[in-house]
Amino acid sequence: MAKPGYILLKLVEVGIIFFVILTALFFLFRLSPGDPISKMVDPMLTPEDMAHLIQQMGLDRPMWEQYLIYVKNFFTGHLGVSFHYGEPVETIIWDKLKWTILLFTTSTVLAAFVGVFLGKIAAWHKGSRLDNVMSISALVCYTLFIPWFALLLLWILGFQWGLFPLGGVLTPALWISNAPLITRILDVLHHLMLPLLTLFVINLGSYLLLMRSSMLSVLSEDYILTARAKGLSEKVIRNKHAARNAALPVITSVGLSLAFSINGGALTEQIFTWPGIGKELIFAVSNNDYPLAQACFLLIALVVLCANLIVDLLYAWLDPRITY
Amino acid sequence: MEKTDTKNRLLVELKQVTKAYAPKKRWFVRSSQPVLALNSIDLGIEHGEVFGLVGQSGSGKTTTGRLLAKLESPTAGEIYFDKTPISQLKGVRLKAYRSRVQMIFQDPYQSLNPHLSIAETVLEPLMVQGIGTRDTRMEKVVHTLDLVGLSPGEAFCHRYPHQLSGGQRQRVAIARAIVLEPQFIVADEPTSMLDATIAIQLFKLLQEIKETFGMTFLFITHNLAAARYMCDRIAVIHEGHIVEVNTAENIIRHPEHPYTKKLIKVQPGFKYGR
Amino acid sequence: MSLLSVENLSIGYQTKKGMLKAVDHIRFDLEEGDSLGFVGESGCGKTTIGMALMGLLPENAEILEGRIRFQGRDLVLLTEPQWRQVRGAKVAMIFQSAMNALNPVFPVDEQIKEAIVTHQPDISDADLSERMKQLFDLVDIPLARMKNYPHEYSGGMKQRAVIAMALACDPALIIADEPTTALDVIVQDQILREIKMVQQKTRTGLIFISHDIAVVASVCERICVMYAGQIVETGTRKEVFKSPRHPYTQTLLGSYLSLDNLKDIKVPDMKESPDQLTDTNECRFSGACPSCDRKCAGRSPEWIEISPTHQAFCCNPGLIRRGHGKN
Amino acid sequence: MLNKYFMLRFYKGWQIFIQNPLGKTGVIILGVFMVMAIASFFVPLIDPMYDPMTGIDPDIKLSTGPSLTHWLGTDNVGRDILAQLLEGAKVAFVVGLSAAFFSIVIGTLVGMIAGYAGGLLDASLMRLADIIMVLPSLVILLILASLFGQFNIWIIVFIIAIMRWPAVSRVIRSQTLSLKHRPFIEASRVAGASHVRIIFRHIMPNVLPLAFLYMTFRVTAAILVEAALSFLGFGDPSQVSWGMMLQWVWKSGHMFQAPYWLIPPGLCISLLTLAFYMLGRAMDEVLDPRLRKEGQSG
């Protein structure tokens, strides 16, 4: 379905929002106490390297020139050099991004599918025991304190029962030993299980509750009555006529709740030492590695915006009423 | 008594009034052409008459009423009230205009604030216009409620809208509109959401009010029969154009415009055959 | 034997204040190919009757007593799977709010096909598309618009599509519940003609529900006037409109503004709407009745026959037989 | 503003609410935490040893399990866990309620003004809301903490409030939009009422129930964010909170050894947020007319 005008409009929107965030971040760095050079340039460097960096970032220029150089540097991919790693931050974060995306997409997609399915069932049997059990469990999942839940999983499933590794993303020995690809993939999956389970449970609750209430409001629509009047079976009404309409607002909320899941994602990565962007950000912030923190933040903002864009496009594709 | 020509007896006059609605903007960009609700209409309403404006949904009839109540402003053209142009009214003069022109809305279930008691609802125009003292205002409210058939007025004062039927709510809305004793009332489909037996009683009430206060009415409706029952003159509006203006009897008996003819033909009635 | 025969039907709603009798001991018959109109004001129970005939009463409603005999079986006794065989196939409904009666995310033709395929699972593709063509021709929607989504239709076209959906399986009975209320008079006129034409062409039984007496008069041969859950007068179109006998029918006709009866307008003095919570045999209209005298109080109304086709439900046989009320 | 109809609705709503099992459970759990928060003021008075921050049991230098003097045990420097838990309840209430209150006030005002004014003001405010809404609040707090150093609890509360008003203002705005063209508002305009009068006399009473509903959800969010921040070590260092207790247990490496220390703080956070959320859900059912619709014939 071609809706080029709509897609273009959304792209422009995302571009503008990102630019605002980029600008806000620049001024935050300049407004905070301490001079920008000590924030962006590692004091441990040799004087020549320092001079080079200062020159590259324009830190000795007036504010507005610094801003222009900052924007230019961002688009050419020069985000500074990490204090801790002593490497350009862009190379560090690209490496981390894939792990975050792996964890995020799997948990979100899984939770969305299961949540939508269960929410549909719960709404259909509104007021029954099944509905009560599911809704209350979903509420509990939704309000669980993520680090605590993660620590409990780690303690019980990882430490006590020894089912899963206590952290990291792969077993070093396996990777040095040149094992076959399938073993390596299984190894990553093994490490993935606990963080995935954490994020899945947390997200599941919100999707289930959303789908349930969306489904309830769709079930009171007139076209459901029409479907009944046609003599359609309850299953067809539920799965075809109600669920499809009810899932639309849930898709929108996936985008809106992304900020929420990012919070959870960072905490989960931190506890399971999953080498993603979230953990890197917390590390950078704890160690005053400003260039790294800034880059992580911008990348997270970009990921959130892109995910929102994808969600919007998905919505436009599924809802025939949206035309531009 | 000096002889007055028609022009001087006009209370309300619309001159080439156009109203265009801009489509929604996103990021300050318009995506399509504006919609013309009213396309350069001319209309005159005389002192003391009930003027009917008949049209289908989307014809611009409600827009006309809203322009007169100054809920919206015309895109082009000018509206004269008592020979004064109203588009530039501001501050004190706008407030004075508001005390002279009131409106009755369509939906009795949405035209009263559920959080205000009946007395508070009818009191509000007096309060914002700063008329009377606390006691005289209350007296006026009770009196007005009696007048619209909610008697005894004291008994209704402390009730809330959810305790009233649709017909009673619409009576409260009428009381709110007449409590300032305005010169001109815009009644926008005041009975279209009510049952026929209730509607006819409200029509009677409006006629009584008109006779008591000598107000001028703009009666907006989709129902030609109701317009004929209520009005002295009728204008038929179609897609933003006034297609025909005439006395009520002449519009029905000798329609000239094809649209009016069609409207009369499809009006449901008891034609027993096919 | 008649197509539909409703005997002694009572339906109640469970509310916080108690059982509200929305339909109270209703009886009527409908012959094959005949049309029957129900007219009454809001809250009189006319929509509830329509829903009961479709087996689609809301959860808090309950059929208290009575029978609905349709094609020889009692619909009241049907189980849900049995109902699904009837709904859409033998009894179909045209709903009040056509604007929302179509599912926004499916094309119109798909939604109509669905109705056919559900009841004739082994229909061939060729037969199906042939049937679709017939239906769209019948309701005057251009075939090119078949695959459009509902939001691309105008209000009138949506209502036509809903009519086509109701006709899809060639039902023996169609229930139309205020099918034109949301439409402009010009479109309303077209849709009413449409319904009447289709009904006569297909010889389908029609039950037409409306608050607008004139609309009912333009479609139906026979009329039932309802008040507070009861039928108060029934007769042919001519009988009810030319010589209404029940005081309520007279009030209703007297307050109806149409272009041809301005002189006959009588402004009623109606008071509170009746209390449908208490179970009583007394006349429900007595509180608002212009002809009610003291003799009525405490008496139960009964059916009074004016002609074999024309009856009224009142306590005052003299009044009914005499005709025009007090005057 | 708090007129008779409001009180009537409140009373009726409360009756439906308290019959709702979710609402009842929520109120009971909240009651327990309330008692805990109040108790926190008295515990240090019994013995300075029970001060949550500085009260170190001289006999214990290690983390020990529950005993008669320390019902839930002590942490690795000998501080009483129960006392810390009670103190945490107080902090959670203060943080949750005040952050929620501020964000509701901002969100309601912005929503009403944007919805009522429309035009450019509406567009700019809502775009701003959109931008803030997509930003993860914890990540923002982390970045700010790294730039400005450790925050005290009130600055954290303030930042959470600033991060969390957009969702509220969106809801209030759409409610205001639907109210704005209701005849009763327009009738008030036709009578000559000022914008301020219309906003506060006609719109506000109609959006307040919704604002209260959102307040319960905001409380939940605020408590979770503050706890997460403390857990990561960026909380107010002068204030014991549940999140900080979890940080201590984790950082000191006791998480696999001292379940009596690991379980209570997290359980408290989860239960308190659950209680507020239950309250919100129950209120939602009270406010949602769809769920109360009674069958009506037509």
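All chains are identified by letter, namely A, B, C and D, in their written order; residue positions are counted from 1 within each chain.
Criterion: a contact is a pair of C-beta atoms (placed from the backbone, for glycine too) under 8 Å apart; a residue touches a chain by one contact, two chains touch by 3 or more.
What you see is a predicted model, and the numbers here were worked out from it, not measured in a lab.
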Taking each chain's centre as the mean of its C-alpha atoms, which one lies nearest the mean of all protein C-alpha atoms here? D
Which of the two pairs, A-D or B-D, is linked by more C-beta contacts? A-D
Can you check how far apart chain A and chain B are, centre to centre, with Cα atoms defining each centre and the answer in Å? 55
Measuring centre to centre with CA averages, how many angstrom lie between chain C and chain D? 52
Distance from the CA centroid of chain A to that of chain D, rounded to the nearest Å? 23
Taking each chain's centre as the mean position of its Cα atoms, how many Å separate chain B from chain D? 48
Expected list for chain C, residues touching two or more other chains, is 42
Per the contact definition, I'd like the list of chain D residues that touch chain A in the complex. 22, 127, 130-131, 133-139, 142-149, 167, 220, 224-225, 227-228, 231-234, 243, 246, 250, 255-256, 259, 262-263, 265-267, 269-270, 273-274, 277-278, 281, 290
Over in the complex, which chain B residues touch chain C? Could you list them? 56-57, 165, 195-201, 203-204, 222-226, 228-229, 252, 262-272, 274
Which of the residues in chain A come into contact with chain C in the complex? 221-223, 225-233, 236, 241, 244-245, 248, 318-321
For the chain B and chain D complex, residues of the former touching the latter: 25, 28, 69-71, 94-95, 98-99, 101-103, 105-107, 110-117, 120-121, 124-125, 128-129, 160, 173, 176-177, 180
In the complex, chain C touches chain A at residues 54, 56, 83-89, 92-93, 95, 97, 100-105, 114-115, 118-119, 149, 151, 162, 165, 168
